[in-house]
């Protein structure tokens, strides 16, 4: 932390440098759009095959969107750290003596933006595939839900992704660590989305209680992530 | 006793798990302790 | 366990032997009383006997995880970063995971008898299951490669994150159930009318399991120290071997 | 003293890669580390950069006691390992300017660094993934120049460079030394390296001896 003061670089500048680096690499490599998005879409279609019932699908559409998002989260987090570890750039970041909590926020914001892009497509897909009706007040709830839930997912994703980056067996360790943590997000975001979709006669107003939970989750892991990330990725 | 299988089963599971943990801990201790002198055993 | 004397167990002392003997005695009483002496419950019948092992296991599991969190915080806060804290945290978590497994198994057996089902999506059960998975993850983090200090730092942070996570999981599960289905789930403890002997047996169960917990954690934590010391000695030999690769020293 | 190691043991994957290394490096030196593969050269460089914990002994680098806080030294050293620490999907210019943004170097610094390493306009707009091994190495060195480290730690910097690139590299290291930096590098190109170095150390079996 003191080093970023030494060099006169503010935390904000490190955050934007890391953020724009991650996004630029995504623009070039197109991993999210060309690989993760088709995968998530396929998950949604597979659910349609497995459940094979329009009423059920309409009822569970919200949950499917978030389940597909969670599966994609694991892949995008792995990818987000693979770009830093494949040529030893993570070592250089450690040696650079910069504020690692700024790296945490930069990577988390980049991850959140990728997830939001993915979710927009998935939600549109759910509306079309599973025949969901969306009202104006439902849309407001939905947008809020996407923003809160995604930032929470991004924070825990980068936090635990940093812990497992470069470790042996990270492919299986990451889901094992992440799944129990993101359970509240899955529950809350699903219920809020169902309320927005009006699935099973749910009222839009029912959804706002869940937004509160999502906000608490995001705040808790945003703060603890910025404190803990440095000691987790450090050797 | 009614449902004896379930009741005895839960006692056996409980005591068996504790016993197995205890035995495996003592075994591991014995194996690692061979080369360790009493000086390093801070609890003595 | 208690018969293990100093000669046979390197991790034993007078104190642990005393705890072991006491634990065995109390556990023997709990088993005898729980299976034979205590009466059946009016509503639950014989199945109430599972309670004498199920409830203390759950209590110990939660106690163990609290210990892990406190020891982890101790490691992070203490200036010297004493490894004793780390070993305590790890030993306690291992014992806790075992007792949580016992809790889940005995709980589902009991549930089958009282509810007719092995599993109910009741908030407490669900939270317990998540807690179990979380600490399995914690133990996996402890096994990651790296130096002893690295292991201690990582696992201490993960243990404290677990403490943050549990209330969030619990609260969201409670909210989930309360909004979507009434509290129809039978509370396994709620409708037991306990007489004095039943209460006393349950209480002895808690005492006995706590003694077992202390005995296990002490031995496990000492075993970890032995492993670390043995590794360190292996290092001495490895250093000699390594130096021998070079020119005559 | 820039670096002073005394009986340092560094354990990596349960193996004592450094088994009691003792040496001192003074300011302004260009020190060559020579020795067979697996002798501990890479570990020594990484330990100097504060990346590996010191298991035993004492190590002081640039006034920071690595046994107490090995993170403090990091901002002051520049490490170039076997890996280049680059992002293959970004262009040369983007890579260098990323690191310059992290530590607050100016656009002028970036320009100068690219000139020194002979990264022309055409090369600087090329993605690192499309570069040759030698060009990548030059790009990685340019990021070090931008960082203006006080102590340069280079692992096989000559590897993959053509003879012109090696000359450039030697020139760069000498001018970095003239500008006040100290250089420690490992190399198998003994003739060239000894020409460049002011002193050489031999690392064998995790132990360091003066040559």
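Assorted remarks:
Order as written gives the chain letters A, B, C and D; numbering starts at 1 within each chain.
Just so we're on the same page, a contact is a pair of C-beta atoms (placed from the backbone, for glycine too) under 8 Å apart; a residue touches a chain by one contact, two chains touch by 3 or more.
Note that the coordinates shown come from a computational prediction; the quantities given were computed from them, not determined experimentally.
Note on connectivity: the fewest chain-to-chain touch steps from subunit B to subunit C number 1. With centres defined as mean CA coordinates, subunit C is found 32 Å away from subunit A. Computed centre separation for the pair subunit C/subunit D is 48 angstrom, with centres defined by C-alpha atoms. With centres taken as mean Cα positions, subunit D sits 51 Å from subunit B. Centre-to-centre separation of subunit A and subunit D, using mean CA positions: 36 Å. Multi-chain contact residues, meaning those touching two or more other chains, occur in subunit A at positions 234-235. For subunit D, residues touching at least two other chains, in rising order: 53. Listed by chain label, the pairs that touch are A-C, A-D, B-C, C-D. Subunit A meets subunit C in the complex at residues 159, 163, 167-168, 173, 176-177, 179-181, 183-184, 187-188, 191, 206, 209-210, 213, 216-217, 220-221, 224, 228, 231-232, 234-235. The touching residues of subunit C, when paired with subunit D in their complex, are 145, 147, 149-150, 231, 235, 238-239, 242-247, 249.
Partner subunit A is touched in their complex by these residues of subunit D: 49-53, 71, 74-79, 81-90, 94, 98-99, 101-104, 127, 143, 147. Residue ranges of subunit C in contact with subunit A, taken from their complex: 130, 133-134, 136-137, 140-141, 144-146, 150, 153-154, 157-158, 160-161, 164-165, 168-169, 171-173, 175-176, 179. Of all residues in subunit A, only 3, 6-9, 13-14, 16-17, 21, 24-25, 28-29, 83, 86-89, 91-98, 234-235 touch subunit D in the complex they form.
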